[in-house]
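Each of the two complexes below includes subunit A, the first together with subunit B, the second together with subunit C.
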Partner chain A sequence: MTKPMKIAIASGKGGTGKTFISTNLYNLLQKKGLNVALVDCDAEEPNARLFLTEGILKSSREVNQKVPVIDESKCTYCGKCAEYCNYNAIFFLKEPKIVNVLEEICHGCGACSVACSYGAITEKDDLLGHVSNFEFSNKSALIESRTRVGVYSSVNVLKAAIKEASGFDLVLFDAPPGIGCPFIQTVAQADYVVLVTEPTPYGLSDLKQSIETLKGMDKPYGVIVNRAGLGNDVVYDYLKKENIPLLMSIPFDKNIAVSYSKGELLTDQDSKWKEKFSELFNKVKEEYGNSNN
Partner chain B sequence: MEIAIISGKGGTGKSSISAAFATLQKEVVLADCDVDAANLFLLFNPVCEEEQVVISGQKAVIDYDKCIACGECIDYCRFDAIVEENNRVKIIETFCDGCLLCSRICPQEAIDIVDEDKSRIYAGSFKNGRMVYGRLAPGEENTGKIVSKVRDKAKQIAKESGIKDIIIDGPPGIGCSAISSITGVDAVVVVTEPTLSGLHDLKRTLEITSGFKLLTSVIINKYDINEEMSSKIEEYCAQKNIEVVGKYPFDPLVVEAMVNCQSITDFAPDAEISKLIKNSYLKFS
Partner chain C sequence: MKIAITSEGNSLDSKMDSRFGRCAYFAIYDTNTKTTDFFENPAKDSPEGAGPKAVEFIASKGVKKVVAGEFGGKAKALLEKLNIEMQQEKDKTISEIIKQL
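== the complex of A and B ==
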């Protein structure tokens, strides 16, 4: 069996068009009959499903985390659990005797249970979110990660979604914005990263930060410039100077913005865009081949 | 007064609106809390006066002189961050959450803990007052912590210099860094756009702000991209009893202002959009 190809579509700056690119690319490849999954890893604000409405919900499962429950009848108020917790998620006072678990900042590492010598700590499940699997054909699926509103970290939910996509030949990740933990946990599992940016000083600054992060992780990448024509040349100059592949350039066009606003897919409407996204896929495959094998 | 500008969905215009709000004031403390993608320093080019190291977290490192590859740490680690490879125990750095449990249970005391100390926060002056911004070092992860440091610093500066207003430019999303950006503020402005994604993300963001019982209002940016969707957003806000304090048209001038390193209200004070932004801002003063 050949190794699955995993491609993340990411950007430092929010709203550059990650979901626009990943949903169109998935739509095209899925309709061509490829064995492909799109994983919506932006669990805080998952949007891919708004564009990909044809899939049928096959399964939805909970993602939980273990949080400690302290039995105060067994607790001796020694304070060792609070000392072991590196997230300050256990509030402890010796006098008066108070021990409280702050569930929302608990990372579920289990250190407090190990710390307790009195059997006073057990664990319960805390709901972090859901992973839903929408089937498009027997060969393709959208797998959505979605946190419960109020959950601090989306990492466990998006990791569970990525796990569910193992088994597909081609996996696309619609990555969360930024360069923090959700981004890192997503791209860490990809073989190639497509960075989407816009040709403005903000776009460039955020692109540079993403690239610096990817370099540290030894991940190959290429760039898509969205809304070309707005802004200035700083991004193009940078790509040229650094010899970074420009995978695609999408002109700013109010019609594209309008059709996006309605949840429409360009690759369903216009053969020109079908072709452009095909070209993008070929280019990504080529870059992926150069960098991975 | 502390006002936070957030959005749920990225790219709706938070930073442009924060920049405009900040320059409508004589004196303000501007806190850029989008530490993953801080941009306002590009616009205002502040004179940096103070740099502060932030310990964003900790990571485990194996001391191979002591490690006997017993693998006990592998069983304890819940982040799948420790693996055995060629009879050697190895930590996958990106998966390590910094809980320290492995170092506590290691019978050989072979696991050291190192601080992640490359992230910084900066404080400086710009033409309309003071500015605090953070920079998450590539590979470091705890954005929520850096956001709270940025806010603490902004509050301290405001207090010391007698500046009354703090404007917070928040991050996208509704996770730890967004939550850290809004807890305890006097007002939250959620900037949205008239798209399906915009409305979807707005709903989740408003759930967060109402959960924290924060005074919240909404700005619909680029409303003319899809007026039908804008009406839907307005209806939704009315239903939730949330005031829409501004509806701005799409205007390429906003990008031009950014390229020229100015807020839109400084760059084109007489443009319609600048007037609309001023009107929104007046509702908070």
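== the complex of A and C ==
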């Protein structure tokens, strides 16, 4: 592979099996000897590690942000810091005199410290979360982002995790659920997006939302239907009509569900599934190639 | 005492706005002078922190009580801290609310 290829695996609201896909795909490619990283970008609830237990923790580091601390003995209550803050993260009142940093919405941009001409603002480190790197035998890695409980936005932590994966030939992102900032920040870094959905009306409406977002970002994508056979044809009809590639379809199978709930990897147990995930990867590569021509 | 009411428009016939932080206008009623002034909410287009910003605005106007459809967590905490009373209402016009104050 010449330039690194980045694939995001995403699903609207979650619970449709994106981690099932991402962990099995990673497992297969890693065991084939590819230099691959899986980044668990679901920083609020990372769970890929539960399935990928073979990796050894190589490093874990803190992700911090600078937040302002205001020394009220030096403060003249001029209000300039609040004026400079683009995120409404400084609560300021002249009467009664109040100046208060709202740490949960502070973005750590530093504008307020520049604004203050009275030396009343210093900065302290605020822990946002951790990035952990689990190494596998052939130097492939699972890189996990995990935000500290109560942190307002997971974006900085997942970005730090994605950055850590920059040296690999192939990078897979297990994208955060939803279509908010964390999702957008993740897929923005990907070359191709794999959307996982269920063949139900609910799955379809979720899928449409994700697709709308991706269209706005001009990202190529394809769809995996999980638990096929469960619902009806609405998703398939939609894919056909919109000319969206169906990358794989996974039948609804109690054995798959049971082995997943035990934290087992299908690609370790069944050669048929190894084959299927290989095909999936080839298909993604092909689609990716087409979209980059 | 000054009372702020979230409003969809800038007249007494306007309906109250169900949102606090991102309401279009604040109607500020003064119980002493019995007059109402309308102000555009400076926080209404804030992508983040609209609640705190709106609290800042009404507090700077000397408001002691605020009427809205609902209050977000951050706004609530700040209003409590500033001892500004909160009242929840639904679907009424500004003049209807003023009448019952």
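Observations on the structure shown:
Assume the second predicted complex is superposed on the first by the 290 of 293 C-alpha atoms of A that agree within 3 Å, B and C clash if a C-alpha of one lies under 4 Å from a C-alpha of the other, contacts with A are read in each partner's own complex, and residues count from 1 in each chain.
Here, contacts are C-beta pairs under 8 Å (C-beta built on N, C-alpha and C of every residue); 3 or more make two chains touch, one makes a residue touch a chain.
Just so it is clear, the structure is predicted and the values come from calculations on it, not from any experiment.
Look at A:C109: by the touch rule set out above, it reaches subunit B but stays clear of subunit C.
In the superposed three-chain model, the partner touching more residues of subunit A is B, compared with the other of subunit B and subunit C. Of the two partner chains placed by the overlay, only subunit B lies in contact with A:A188; subunit C stays clear of it.
In the superposition on chain A, contact is made by A:Y87 with both subunit B and subunit C. When both complexes are overlaid on chain A, the residue A:P177 reaches subunit B alone and has no touch with subunit C.
By the touch criterion stated above, A:N24 is placed in contact with neither subunit B nor subunit C. When both complexes are overlaid on chain A, the residue A:G12 reaches subunit B alone and has no touch with subunit C.
When the two complexes are overlaid on their common chain A, residue A:T197 makes contact with neither subunit B nor subunit C.
The residues of subunit A shared by its contacts with subunit B and with subunit C are 87. By the touch rule above, subunit A contacts subunit B in their complex via residues 12-16, 19, 42, 44-45, 47, 50-51, 66, 84, 86-87, 107-111, 114-115, 147, 149-154, 176-185, 188, 200-202, 205-206, 209, 212-213, 215-217, 230-232, 254, 257-258, 260-263.
Interface residues of subunit A, counted against subunit C in their complex, comprise 82, 87-89, 91-95, 98, 102, 104-105. Across the complex, subunit A is touched by residues 43, 46, 48-50, 52-53, 55-56, 59-60, 74, 78, 82 of subunit C. For subunit B in complex with subunit A, the touching residues are 7-12, 15, 36-39, 42-43, 58, 76, 78-79, 94-95, 97-101, 104-105, 136, 138-139, 141-144, 171-179, 193-198, 200-201, 204, 207-208, 211, 222, 225-226, 229, 250, 252, 255, 258-259, 261.
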